[in-house]
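Before anything else, here is the set of structures, which you'll find just below.
After this come two complexes, each holding chain A, first together with chain B and then together with chain C.
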Partner chain A sequence: MPPVERQSLRAVLAVAATAALALGPLALMGVTSAGRQWFWPDLLPQAWSPRAWAALAAPGAGIGGAFVRSAVVASLVSVAAVVIGFPAARALALHRFRGRGPLMLALLLPVLTPPIAAAMGLHTVFLWLGLTDTWMGVAIVHLVPAVPYATLMLAGSFARFDTDLEWQARTLGASPRTVWLRVTLPALAPGIAVAAAFAFVISWSQYLLTLFIGGGQVQTLPLLVVGFVRGGDDAVAAALSLVFIAPTLVIFGSVARFLRSY
Partner chain B sequence: MIHRTPWYAAALLATLAACESRAVPPPLAPAALAAAPWTEVERQARGTTVTMAMWAGDEARNRFFRDAVARTVEQQLGLALRIVPVADVADIVNKLLTERTAGARGSIDVLWVNGENFRTARQGDVLWGPFADALPNSRLYADDARATDFGTPTEGYEAPWEAAQFVFAYDTRRVSEPPRTLAALEDWMAHHPGRFTYPAIPDFTGSAFIRHVLFHQPGVGAQRFAGPFDEQVYATGSAGALAWLRRVRPSLWRRGETYPATPADLNRLFANGEVDFTMSYGPGFASERIARGEFPDTTRTFVLDEGTIANYSFLAIPFDAPNPGGAAVLINALLSPQHALDKLVALGGILPIAPDRLSASDRARYLAIPAAAATLSFEVLAAHRIPEADVHYLLQFERDWRREVLQQ
Partner chain C sequence: MSGDDAERARWRVRLMVAPALIVIVGLLGTGLVAALAQSLGLYGAGAGGTLTAEHYARVLADPEFRASLALTLWVATASTAISTALGVGLALALRRIVTGRRVMYALLQVPLGVPHLAIAAVFLTLLAPSGWLARVAHVAGLVAGPADVPALVYDRWGLGIILAYIAKEVPFLAVVATALLVRLDAGHDAVARTLGASPWQRLRLVTWPLIAPGVVSAALMVFAFVFAAFETPFLLGRPYPAMLAVVAQQRYLSLDLADRPAAVAFALIMTALSGLIVWAYQRGSAACAGDERPMVF
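Now for the complex of A and B:
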């Protein structure tokens, strides 16, 4: 009996430590956002103030608009990255062909190059295309980092996918559409969910590409967060960071639930 | 056979096609602006939208522009003000440089800029002008404020807007009498090791701090650094200054083995009592942070007896501004005593216009504005004002600091 107890104690401690590591910074941000005169070594602020939250909620602050804009862009990017990455992932995972290695490298290049260099080059291209200063241009440029990640994650799912299942369904009389809906899609659903979540978060957190292609005209949340962090207004930066993190937590929470139920 | 049509490719193309470009308004030549009567310029700008890119890391400031300034220019001039918040103006200058290369249309009408960013913008020829002398209100500003920006001639490509002057802050509960000369500061550090530091170069504020050390070496003085870069002057000042910085380094916070990266970091160290001083280009920064609850109420500011660096930040118009006429009208309004006084009430700081250049009624209003406890008076600041030197001194000294102080 004692060894079991010790084991469960260890498990409880491990869970508690993980929770503290994950929630500690969030709690710190919560206190920072609502505290006044919080100086070391005080455990808590000398006073509390709704200033930062009131500033975010002010009608002209543009937080709501930026939130919706970020969410729309990230949702589009998430869907588009999966749609674009899907066939590429299938080819990369299931076929051995000449130039596969270089192709993988080319796919990863946008992620490997320094962001500022990539952003400046992309800016020139988008200027030619007339896509700058539009939210659609911002969504398209977010695909540049999002597609490689989505593709690699889907390729991982495809690597464990047995294409014979598709042929078996076909020989049993299923139409291509039925095969896709009843065999391929369900088999790859976890990979798609994870890839979509990652693409969403990549788009959600883009700063430099949004600034360059959006030209400051497309105000997303990261642009506002970075402004306040650099400006040194810790309370507002902390409050806005909490707003910024919330959707990410919700998305990864639901993906985790989906994967468990799967 | 599993057949798949590339419908996603079609969707992508349709998306690209949907993003057509907007109409470009007819351009205005800087010469036409200068030639036209100002009332005519204002009349033509009425009803237009002006987009202004400005650093937006301060919530009170954002609110002031979003609400009060936008309302004033709408009511008085019929201008719709759009603010584009920017985290770093250098990003916008880079964007303009790319637009210049690609020959694309622009989106920003007014840019808040100074120093190195202005120099880069001028070198890349991405500003519209000259326009500053055509603005009626620019005459209220001192000639030297209008002429140069960190030694770079403005040539009318930017108009002086906000005054800044370097100040130090301390907490009266911790330090009864702050050191007001460079020598006293060195002495203070020797007696209080680990209680002082400055932001690491290339931070703007840290760079300004070490420039004070350069200017205030015995027998040198800030006046010697006026005018274009002079190797002889630099050599005279820099030897002593680098020696001073190396000498005090062991007495710095964490023995100078590391430095705060930004003024925001230094402010946190100060607020938490890890160091006893912080510093800023904003004369009103301590009052502002007391109001926000970030600094103790007992925080006060001071300047060095030898003087502290003062400079202006400016407003410029990008070369590809969609509405340069409206931009000029907005800038003129932002240069007005009315705006300067409104801002002083709302945000603190110092008046960029010398009080004796104000009209009698504006001066009366100015004198009635209660002084913030932690902000020095215009007179004290003016009496301790030294000019910014040529940007080449700055760049050379930053290089030498890295080599001879940081890496020692």
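Now for the complex of A and C:
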């Protein structure tokens, strides 16, 4: 065993690194967003001001609209990705069929294709479909990265699901509908929650696909974040970053207990 | 089962996977074929309508492509190597903590929920010449003023990009390594200890070989991700040389539609390189591990 001092030093370093990685960025964003007269070489601002937050709240900034737009798109993507991924996941986990290998490969295609190449190809397809520059097109294109993740996560849940339970319920006289509502759905609920959360976050943080398919007409929150960051006002960019992060942290936080049992 | 039942079961499975396939193959697969056609001059904006490899030749001969590829490979390799070493080290160190370990594991999950875009934004503030890191360096007596601070954003070597990825990927690799470590049989370590192995020997000869396949798979994921990344290099990198995805995007959105096929060729060459790296790893690990091949994703 190494000497006690060396061990405790290592432990202190590990705790400090973990805390810095987890809370450092959030703390810096918070301080930057509320700082005023923050001159070199002060480590903390001399004065505080709600200026940046007021700027975000101003009606002309369009933050509220973008927030709602992003939330609506991400919610739709979340539900659709789970509905689409659910049967495919069941087939993948519980059935042996010809074409299972190619299906796995197809699911990995959006994961392996660089987003920029996917965005260019999808741009052409969405021009054909007449869905460019529409929020509907943006929601549909977000399914391309969201469906594979939802499917693979749900397949993981199905792999641990005992289908005999469904048969037992049927034998005891339950209708298919009752089996689905009282057996299948409750057993898979944690997996569904996790898959829905991931699909939401994938859509919520999507930049390139939104830019290409939305053509700058569909202003979601990530587009505004990039705009404000490049605009150079650190305080406003930091405040907006916090607004952008908050929902993803809340959503991951609320499904974290299911992840652990995952 | 009768033939009819078997046929019905087959159709059932087809119906179950159809919606997912429509999204992935119908949209993305078709899109990639369209992109290939555009890059070969066959179809779409800027294409002449006849089959040609000129757009690929133009990209491959382009000094900007080579500079961009070199920078991209450097940033992806450095980010992956440093994140992996630090992430595994962090997981090993956290394993020894007795009180508060659960809190540490919970904290480790936080950065996974922070989008890359937000990390890039905060690193712009952190690493700027008069940013918070420079101020800490000043307080520590390392630099006199902002002019002395080495460039960490918009710099030639993509250091700001690498640092932002390290902040995001160290927790990811630590989470993966932790999951692999808790699954280990503590007996192996105990046996090695009884046989007189030092901590370093136990780590190198017992623990590491057992977690290596999972760690390397996660590291490869990070590499492929950084190789193709857009947002972080777009915000923290300089315009020339820029990383591959940034160059491809700027060329595609250029006002001159005649540039489009070459921009698409650029992105597809990038896709091929990324696929080649993953494939080489799969083959390499298959050759090393026999049939115990770890799945990448």
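Everything below uses one rule, namely that the second predicted complex is superposed on the first by the 230 of 262 C-alpha atoms of A that agree within 3 Å, B and C clash if a C-alpha of one lies under 4 Å from a C-alpha of the other, contacts with A are read in each partner's own complex, and residues count from 1 in each chain.
In the analysis below, a contact is a pair of C-beta atoms (placed from the backbone, for glycine too) under 8 Å apart; a residue touches a chain by one contact, two chains touch by 3 or more.
What you see is a predicted model, and the numbers here were worked out from it, not measured in a lab.
K.L.:
Assess the superposed three-chain arrangement around chain A: do chain B and chain C clash, or do they fit?
P.N.:
clash
K.L.:
A:Val179 in the overlay: touching chain B, chain C, both, or neither? Say first, second, both or neither.
P.N.:
A:Val179: touches chain B, not chain C.
K.L.:
According to the stated criteria, A:Asp234 is in contact with first (chain B), second (chain C), both, or neither; which is it?
P.N.:
The answer is both, since A:Asp234 touches chain B and chain C.
K.L.:
Taking the superposition on A as described, I'd like to know which of chain B and chain C A:Ala256 touches: first, second, both or neither.
P.N.:
A:Ala256 contacts chain C only, not chain B.
K.L.:
Using the touch definition from the top, say if A:Ala91 reaches chain B (first), chain C (second), both or neither.
P.N.:
The answer is second: A:Ala91 touches chain C but not chain B.
K.L.:
Have a look and say if chain B or chain C is in touch with more residues of chain A.
P.N.:
C
K.L.:
Regarding the shared-chain residue A:Arg170, is it in contact with chain B (first), chain C (second), both, or neither?
P.N.:
After superposition on chain A, A:Arg170 lies in contact with chain B alone.
K.L.:
Please indicate which partner A:Gly130 is in contact with in the superposed arrangement: first for chain B, second for chain C, both, or neither.
P.N.:
Touch status of A:Gly130: first partner only.
K.L.:
Name the contact category of A:Pro114: first (chain B only), second (chain C only), both, or neither.
P.N.:
Second partner only.
K.L.:
Output check: A:Gly65 vs chain B and chain C. Expected answer is one of first, second, both, neither. What do you get?
P.N.:
neither
K.L.:
Could you look at A:Trp40 and tell me whether it touches chain B, chain C, both or neither (first, second, both, neither)?
P.N.:
both
K.L.:
So chain A touches chain B in one structure and chain C in the other; where do those two contact lists coincide?
P.N.:
40, 83-84, 87, 120, 123-124, 140, 226, 229-230, 234
K.L.:
Which residues of chain B touch chain A in the complex?
P.N.:
1-4, 8, 11-12, 15-16, 18-21, 51, 53, 55-59, 62-63, 66-67, 84-88, 91-92, 94-95, 98-99, 101-102, 104, 107-108, 262-264, 267-268, 271-274, 292-294, 296
K.L.:
Which residues, counting only chain C, touch chain A once they are in their complex?
P.N.:
Residue positions touching the partner: 10, 13, 15-17, 19-21, 23-25, 27-35, 38, 44, 86, 90, 93-94, 96-97, 100, 104, 106-122, 124-126, 130, 132, 134-136, 138-139, 145-146, 167, 170-171, 174, 199, 224, 227-228, 230-231, 234-235, 244-245, 248-249, 252, 263-264, 267-268, 270-271, 274-275, 278, 297.
K.L.:
Quick check on the complex: what are the chain A residues that touch chain C?
P.N.:
Residues 1-2, 7, 10-11, 13-15, 17-19, 21-26, 28-29, 32, 40-43, 83-85, 87-88, 90-92, 95, 97, 103, 106-118, 120-125, 140-141, 143-144, 147-148, 151-152, 201, 204-205, 207-208, 222, 225-226, 229-230, 234, 237-238, 241, 244-245, 248-249, 251-253, 256, 259 of chain A touch chain C in their complex.
K.L.:
In their complex, what parts of chain A are in touch with chain B?
P.N.:
The touching residues are 35-40, 45, 47, 49, 51-52, 55, 58, 60-61, 80, 83-84, 87, 120, 123-124, 127-134, 136-137, 140, 166, 170, 176, 179-180, 211-212, 215-217, 219, 223-224, 226-236.
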